[in-house]
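Each structure below is given as structure tokens.
Across the two complexes that follow, chain A remains constant while its partner is chain B and subsequently chain C.
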Partner chain A sequence: MTGAALLVLADGRFPAGGYAHSGGMEAAVASRSVHDAASLAAFCRGRLHTAGLTAAGLAAAAAAGHDPLMLDGAADARTPAPAVRAAARRLGRQLLRAARATWPSPDLDLLARSRPQGVHQPVVLGATARTAGLAPLDAARCAAYESAAGPATAAVRLLGLDPLDATALLARIAGEVDDVARAATDAASRVTADGVGALPAASAPLLDIIGERHAARTVRLFAS
Partner chain B sequence: MTGTAHLPLTAPAPPGHRPRTGAEEAPVTAPAHPSGTSVHDGRNSPPSGVHATARVRAGHNGRTTTVPLLHSDGPFHLRRLRPRGTRARVGVIGAMSAPLGGDRLALDVVAGPRARLEVTTAAATLALRGPTRAPATYDVRLGVGEGASLNWLPEPLISTRGSTLYQTCTVELAPTARLLLREEQLLGRTAEPPGLLSSRLTVRRDGQPLLDQHARYGEPAPAWDGPAVLGPHRACGQLLAVHPRLRPERRPLLIEDDPATGHAVLVPLPNAPALLVTAIAPTPARLRRLLDTGLAHILAAASGAEAGMVP
Partner chain C sequence: MHLDHSTTLPHHHSHSAEPVRPDGSRRALRVGLGGPVGSGKTAAVAALCRTLRDRLSIAVVTNDIYTREDAEFLRREAVLSPERIAAVETGACPHTAIRDDISANLEAVEQLERTLRPLDLILVESGGDNLTATFSRGLVDTQVFVIDVASGDDIPRKGGPGITTADLLVVNKTDLAPHVGADLDTMAADARRQRGPLPVAFISLATTGGIGPVADWLTERLTAWHARGTA
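And now, the complex of A and B:
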């Protein structure tokens, strides 16, 4: 395993299309529920401990080699809002395209063939990490970090915040990202014995509601 | 796999509690339960609270729905209510204050093939701090067989200050089963901060995951009152309808989206004829109104599917 592969995968410049999504931040800013550094931090922490924990569990399980299609079904059950599901599949499709070019493997080719409409992004992330020789904890850390970093980065553009404030926030919650990644990896290690029900299913009502609100808007900067 | 093969149907768990050994524990006073049937005797044992499992089983005898098993236990007193049309009805009446910290409570409900059953509760369930801050658990297990229909429509669960409750609701649906499920959670009584409420709803249909949602509200859950999770709202709920005649391709609908009156969205679940309403609101009354509005939309979507789906 190569530690630098984690840096490639987690790099915001990795061409997987994440920059086009705000993880609900655009809708939260539009409704003024996020308007300053404090509400930004509350949003990012809330997303990390709900959608981020769930994504990290799926990523860790995929990186451990569990059936990605089974995990995709588990992701569907954990993502009741169609707009959030559609965004996760679109991001999964884009990540898979970039991953197959970066780390060619028959496993990723098979995954692309078996679900042309896309697989949930965290599942693809885990499968990619596995192909790149990374551990389940690496994949979980990547997913957990992205769950907070995506909206934090989007907020810089949406609110005109100082980018240094957003980066300082991510540094401040780095310990929580690690905790979430560890909890997710522990849960993923129980999938063999207990099935996908062992994976986290942390939910956030407002993320689902604002996700649908955002999808219904005709004018928007971010896809989700 | 058939739907009935994995119903949580027969496991004959022991009735109630048994005080366990605990010689290393100091004697403690008994928890304040008014009824003593399932409470440990409070001597030479930890304050383990009530351990109780109540059971309901409904079946169909070829002509009508029957309820051959109605097993009350601990705080759950079960009563047959007057049937509504062809639907048998059972009421859960809280016979004591529960769940308190340390309690281990479970309710098993099975609607066997072709049975039509509705289960309600007579009053809100109040999660209270027990003699210790030990968590209480409350596990609801629902099984719905082929061609059967279950309405699970309990009154709200209220998380009060200092309480810790781990609640689960696990549903196993046969491929042709019908379900109407409502869950409401109120975080604190009026102007009271809530305890910690962990609530997981897991629904499987034909053995496959249909819905899996785990909410954690109240301290020390991180950022539960922030703009990604609940915001300022303290009443939240879900209404799930599964019915073979619901059309899954339905578009999502924002039922309400106003910080003053609450937010609710009606969405189709993937790979199943199922609709879900997720709602959060400033007050319990507004929450119920949002869920009722969602139900009206669902009934319209199922137009003529089944009049008896109405609670």
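And now, the complex of A and C:
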């Protein structure tokens, strides 16, 4: 286990395509539901406790060594909106490319071969963390943090918000990110006994709806 | 867990960088077209396609900043059949998409290679950015930087990575030079000072056959690429 590997994986500059996705933020800005620092905080906390928790559970389970293809099915079942699903697979493909070059491993090569169309990003994240020698809690933390940090960064670009406000927000909810990561890791530790049904399945219908709406727009900055 | 694998770096950083694939077939030459917004990148892509499409199998990736306008322009102009044109979103960071995090562009390129095999040439047009935006060598094999005379004849003097290091510098819209008071001789001298022996083409895409010098340069690069692939 090496702590610095976690920093490499969690670094926003890790070249896995995330910068082109807003996690629903562009659609939320378009509908004016996010327009300032306060509404940004509400959006990010909402995403953390729903999509973020679900992603963290999948990531922890993959990092614990559970079958990524089984987890990919579980991710599909937890992602009803086709546009959101497509974005998750696309990000998964891109992360897997970066991960194979960064931490070469037969497990990751096999995963790429078995699902050329891509595996959900949180599952790839967990499998990558495992290859990098990281623990399930690390993978869960990464997924939970990214679920809030992705849209926060996008909001800075979309609204011209003060970047220091966005960063302060992420620091303020760090405790919640840890709580979500721990709950997700606990759930993942029950998969051996109880199956993937033990994993969180929190969803945010509004994120699904605006995700679909975004995919239909012709003028947009972000892919999702 | 292999935290300690050999210290040599993996060669397959993009998993598709070698000119010849394991099965012996050659992948397409990947050419980046960068430069500021409005300098004529899309016009150059369209003209290249029209000039070369009868001889070569071509595909295009566009990196529009916030619309799919470039891709749609190329489709509307029917320079290639629609399945040969792919658009990539750049999250308000056009330079990131071609340099710091090339994953979405690489995906688009590989997808085109897979569905349109065999391809000879893939043109990747950047979303248009400042003078520092260049393509990663992991994404393209060679790159063209397109500026125009109407944005100021001091641009070559200012330099920057695009001007100084691109494999070909294109100075477009020479037809406008008399109207905007641009001094082409000064631009040429400045470009030579910045670029040493690297080539510069002064063109006007508003003129019939204006793309000629760029098409010729590209054809030479393709010949060199093929020689490399069979060596």
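Definition applied: the second predicted complex is superposed on the first by the 224 of 224 C-alpha atoms of A that agree within 3 Å, B and C clash if a C-alpha of one lies under 4 Å from a C-alpha of the other, contacts with A are read in each partner's own complex, and residues count from 1 in each chain.
Note that contacts are C-beta pairs under 8 Å (C-beta built on N, C-alpha and C of every residue); 3 or more make two chains touch, one makes a residue touch a chain.
Quick caveat: nothing in here was measured; it's all calculated off a predicted structure.
Looking at the shared chain after the overlay, A:A60 reaches neither chain B nor chain C.
In the superposition on chain A, A:A202 makes contact with chain B only, not with chain C.
Contacts of A:G133 after superposition on the shared chain: chain C is touched, whereas chain B is not.
Applying the stated contact rule after C-alpha superposition, one finds that A:T50 touches chain B and leaves chain C untouched. Set against each other, chain B and chain C differ in how many residues of chain A they touch, and the higher count belongs to B.
With both structures placed on the common chain, the touch criterion links A:A10 to neither chain B nor chain C.
Legend: residue contacts after superposition of the two complexes on their common chain; A:V191 is shown touching neither chain B nor chain C. Note: no residue of chain A belongs to the chain B contact set and to the chain C contact set alike, using the contact criterion stated above.
Residues 24, 28, 31, 33-34, 39, 42-51, 73-74, 76-78, 80-83, 85, 176, 196-197, 200-209, 212-213, 215-216 of chain A are the ones touching chain B in the complex. Within the complex, the chain C residues that touch chain A are 1-3, 5, 10, 12-15, 65-68, 88-93, 96-97, 100-104, 106-107.
Across the complex, chain A meets chain C through its residues 2, 5, 13, 15-22, 90, 93-94, 97-98, 100-101, 104-105, 130-133, 154, 157-158, 218-223.
Chain B meets chain A in the complex at residues 200, 202-203, 208-216, 221-224, 226-231, 236, 252, 254, 257, 259, 263-265, 267-271, 276, 278-280.
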